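Look at the two complexes coming up: subunit A is in both, with subunit B in one and subunit C in the other.
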Partner chain A sequence: MVFFLQMVFAGLSVGAVYALIALGLNLTFWTTRVLNFGQGSVLMIGAMLTAVLIAYGVNLLLAVLIALVAAGLVLVVTEMVAIRPLLKASGSMGWVVSTLGVGVFLQGLASLVFGTQAVAFPDVLFSSSATLQIFGAWVSVQYIAVFVISVVIVGLMELFLRRSTWGYGVRAVAHDRELASLMGIPVRKVVLLSFVVSGVLAGVAGILTSQISGTVDPGFGLHLLILAFVAAVVGGMGSAVGALIAGLGLGVLEKLIAGYYSPAAAQTVAFVLLVVVLAVRPQGLLGKKETVKV
Partner chain B sequence: MLELRDISVSYGAIDAVECVDLSAAPGTITALIGANGAGKSSLLKAVSGLVKPKVGRILLDGEDIGALQPHERARLGIAHALEGRRLFHQHTVEENLVTAWHFRHPSGDFKRAVDQVYANFPILAERRRLKAGTLSGGQQQMLILSMATLHEPRLVLLDEPSLGLAPIIVSQIYEFIRGYCAEGGRTVVLSEQMASLALKVADQGYVLRQGEVVQSGDSAQLRGDGVAGAYLG
Partner chain C sequence: MNPLHMLGKAISSPWLVGGLCVAAAAGASFVDQGTVQMWCFLIVNIMLAQSINVLTGIAGQISLGHAGFLAIGSYASAILLKDYGLPFPLAIAASALISAAVGYVLAIPSGRVREFYLAMMSLAFGLIVYELVREWRGMTGGVMGMRGIPSPGLGTLELFGWRISPEWYFRIMLISLIGLMLMLRNFVKSHFGRAFYAIHVSEIAAGSLGISQGGTKRFAYALSGGIAGLAAGFYAFMVGYITPESFTLMRSVEILVMAVVGGLGSLVGQVLGASLFTYLPQQLQAFSDYQYIVYGLILVFSFTLLPRGLAGLLGTHTRYSKHDQLCGQVPDLDTVLSQRSGGGQALVEVRDVVMNFSGLRALDGVSLTVRRGTVTGLVGPNGSGKSTLVNVISGIYTPTAGGVRFKDEEIAGWPAHRVARAGVTRTFQDPRNVPSFSVRENILMGAHRLYAHGAFAASVNSAAARREEGRFLARTAALMEAAGLSAYADDPVGDLPYGIQRLVEVARALASDPELLLLDEPAAGLSDTEAERLMALVRMARDHGVGVMLIDHHMDFLEELVDEVVAFDAGQEIYRGDMAGMRDDPTVIEAYLGKEETSHA
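Right, the complex of A and B next:
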């Protein structure tokens, strides 16, 4: 029972991070109908910069801030060089290759600058040895912190989307770009905003995962991106809370399978889930049916 | 006052609008009449900025707005209700109104504007919490009109506002449009396939065929010329 609980808690923690990444993927998908396959490298940049800056003696908060700003900037540049130019030719799927290309480029750049070795990630949130006992199971305080931070951010994002003026702008652009522009919404700014926010979410997710895993290397991020992609699809493209529930479910499932059976099986199950959901409910379990206007 | 000078619109090799001159005065309704594919929507989109004319100038109260983005034109007081019941279907009626309000930097009071909408169309007040996509066609058109006129723009473009609606709803909607236009000298340009219908509500009309203006004049004159009898659709 204790082992089971430990797996569940670990799963909730990583699952909340999947939800964060999924939400970032969703945001830019809504505003551009493009899936950023380079998002994994943005996670890595956020975590790597934080680790390296702290190693050079930069103040912790400042290091995190710089890393997040960099992550936001990386996505804005991605949009400008790898997405927008390719959307001009309508119906083009070139962005699949170009966003993947940006990801590979960033990974290569990080290897050049920081080396290919894994870098130890410092204790940003509490100490890795701090634990709490919940229902008899010892849980790392870091796991709890990661969970809480992720859930709070997803909650804030939901509020932003449902209550703020710019949230209305994002949803309007997602629904119908032309109509949004006629309502006075500066579509271009909304798209860029979605990329900045998506980048910051990815940066936060990168830092939080590295906090749990303890190291970061240039190749980091791909496995996370795949699971987050599953969470985004299962949760439905159109729902922050949907992504959260899907992310948590996926995280718990992954850890249980890894704990009781084998870590290798976890990914397979995630993919099976993805295929089943896409077949049964293409709009996701919790998403709304999209009527995409052309 | 809207003035179009020598406007042409093309999509690649397709010429949708060719050398159209038009002027629409404050306090009047202008009808663009033409069959499907005549170029009505393209002309309206050129005015709101959704398409860029190949050549020509667009003047709003004497100011050339040709270089402005659609959202900038919206803020200047140009509203455009698209054809085909385009609204935010997954958002509630009220969310649609909020979206239509906030980004145009209106000076007035949102609460008052929305109360006015609900006074004009009480059915929308009843349905305010429902998704816009669940409304009937007539109710959607009422919402679209309300979104277009919410911030009292000086120029309102309406693309086939009556298409697919029951006659009783059509007269209700036309009555609203006429009332809006008369108040404070606003300019309305609407497109219709049914000439008889359009000429009943409009003060003047332009008949389009394959992108060109083939006839124009005030409504009485066009009716006299037999335009009203022709169903151009």
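Right, the complex of A and C next:
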């Protein structure tokens, strides 16, 4: 029972991070119907820069700030270099390949600069040895912190999208890009903003995940991208609440299967879940059906 | 002529390619074993690049996890031979079948979701296969890999007592590759190739010709998986020792890079791409140090800088019909359209159709009947529901309420491709041709629903396949003649004037030998001569017993053609009868021109 609870708490913690990444994927999907296949490397850049800067003695907050700015910048550059030029030809999926290319490039660059070995990730949030007892199970305080931070950010994002002017802009562009442009909404700025925020969310998620796992390496992030995509799809592409629920559910499922069986089995289950949901209910649990335009 | 294009012509010449193959097959006995091994590697890479090309270059679907197929195929063929004693050609064939089945399963959700979902799934697939082969120690040997696979390099591969030497293994691979490429060439030129390309460029137009999105994508994934499985089978015996590290994401990226740089859509290009990336890493140490960075940059920039790859530079073109192969064999024409009897009988009956779009009622209780051998005109202001009605009948929309009966079947709610296969063909308000196809290929694509021969027959150009393709090519030629398009037969449609594009679309619709023809503003933007030709085509259809529904705003044009006209306003019928009656009908005038001011009288 204690083991079960520990797995559930660990699952909630990583699940919240999946939701965070999924929200980042959703944001650019809303504004451009595109998402970054190299997002895994953005997670890695966020975590890697934080770890390396702190190791060089940079102040913790400053290190995190620099890492997040870098993550946001990466996505802006991705949009300008690998997405916009390729969206001109309609129906082309070249952007899938080119964004993956950005991810592969960043992975190569990180291996070159920081080496291919895993780098130890410092204690940014509390100490890795600090634990709390909940219902008899010892839970790392870091897990709890990661969970709380992720859920709060998802909540704030939801508030931002529903209440702020920029949030209205994002939703208007998501609804109908041309109409939004006619209504005087600065579509270009909204699109860039969505990419910046997507990058920052990925950076935060990278730091939080590395805090739990304790290390970061250049190949880090791809698994997280895929699990976050599963969360986004299962929750319904375009639904932030759906992504949170699906993310948490997926995290718990993954940890339970990994704990009782094996990590590879957990990933296989997540993959099968993705195939089944897409085949049975392609709009996800909370998403709306997309209508065809002729 | 551009010297690069001359080079392109030279290297795709069958004499040169044939000569090279013979030279390599003979030369294999005189070079060292390392070189032969390298040639075998090249063949594996060419097959893998072709596998991506079929999927991405032709069908427009993306796989980011092809190493997954390679892994499944390699382990499957190794296990089948090692543990079950299957002869190696059978093991390789089984490996191709298993990979094809996996590809099919992977693509099950296609047709219902955005394409990039499948791309993400393929990425996940590649990753998970890698994890599984590492974990599944009992079957695969785990991270230590699988040793002792019979291999020609070790002199342990035998077939019914014949010990296969590396040279002979290479020759067998070479023959397989040549067979594969010839079959792929024929396949791409068949109606399957056109269907693959059509769902790539315009899914909606493809559906209107009876091409199923989901079915075609699943087929493309299965075929691509099968080719990768074939490559995998050869690979496993060639190396004799496989580890999970040969099947990482990086391997998938490498295969993708070969295909993209070689030139998506071109069979020759794949050979170039695979050759480049088989030899380059061997020659340049620096290349392997910076592999990730180089591959990443290639993937980012190749689509913008070199969209058609090396093949594009060399000016090679892929053609999507067997016109070139069947030259001189095209038979005399039997008929352009079938003569259908039962003139005047009801062909399609629309009953009380309501169509709502989140609050907007586009059709509000519409009923009408189109009869065989008659032309029904639909008129009405923009937004009155004419095109929506065409979309409902052709299966693009499922009506909110009401029914559509075509012949003896209730077709409301059928997917578009099924409606099209039943004999309903339509054109679109803005022409939806495949821009890079020639006029001939576009029109021939219209006949898709009539083809009976299967994929294998198409790939080996069987007598039945040649006969059928020849018959439809003859029909296409006759349609081009009737529409005045013969002068443009081999020009890409995208480069032609708008009016010509419209006529091509109408001719394409007629190539399907439809029973019901739905034309959505076919005369918009046509010159007088073009409009004359269009009228001749519509009359020809009517005289052959086709029921025609025609949307247009040109009253003179309609006057010439229609038997009955139905006027719409705000989703409701406001007039039905002949043209003369409509011109005088006060409701119609009001709907088009607005109410006259009468109060000041």
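Remarks
The criterion applied here is as follows: the second predicted complex is superposed on the first by the 290 of 294 C-alpha atoms of A that agree within 3 Å, B and C clash if a C-alpha of one lies under 4 Å from a C-alpha of the other, contacts with A are read in each partner's own complex, and residues count from 1 in each chain.
Convention: contacts are C-beta pairs under 8 Å (C-beta built on N, C-alpha and C of every residue); 3 or more make two chains touch, one makes a residue touch a chain.
Predicted model only: the values in this text are computed from it and were never measured.
Shared-chain residue A:V81: touches subunit C; no touch with subunit B.
Contacts of A:F37 after superposition on the shared chain: subunit C is touched, whereas subunit B is not. Of the two partner chains placed around the shared chain by superposition, subunit C is the only one that A:M93 touches, whereas subunit B remains out of contact. Counted by residues of subunit A touched, the larger count belongs to C, out of subunit B and subunit C. Contacts of A:G115 after superposition on the shared chain: neither subunit B nor subunit C is touched.
Of the two partner chains, subunit C is the only one that A:T268 touches; subunit B does not reach it.
Once the two complexes are overlaid on the shared chain, A:G155 sits clear of subunit B and of subunit C alike.
Shared-chain residue A:G214: touches no atom of subunit B or subunit C.
Judged by the touch definition given at the top, the superposed model places A:I226 against subunit C, while subunit B stays out of reach.
In the three-chain superposition model, subunit A touches both subunit B and subunit C at residues 291. Subunit A makes touch with subunit C in their complex at residues 33-35, 37, 81-82, 85-86, 91-94, 96-98, 100-109, 111-112, 222-223, 226, 229-230, 233, 262-265, 267-268, 271, 274-275, 278-279, 282, 290-292, 294. Subunit C meets subunit A in the complex at residues 60-62, 64, 105-106, 108-109, 112-117, 119-121, 123-125, 127-128, 131-132, 134-135, 200-202, 204, 249, 253, 256, 260, 290-301, 303-304, 357, 387, 391, 396, 428. Residues 48-50, 69-71, 74-75, 79-80, 82, 86-91, 95, 98-100, 102-105, 133, 147 of subunit B touch subunit A in their complex.
In the complex of the two chains, the subunit A residues touching subunit B come out as 165, 168-169, 171-172, 175-176, 178-187, 238, 288, 291, 293.
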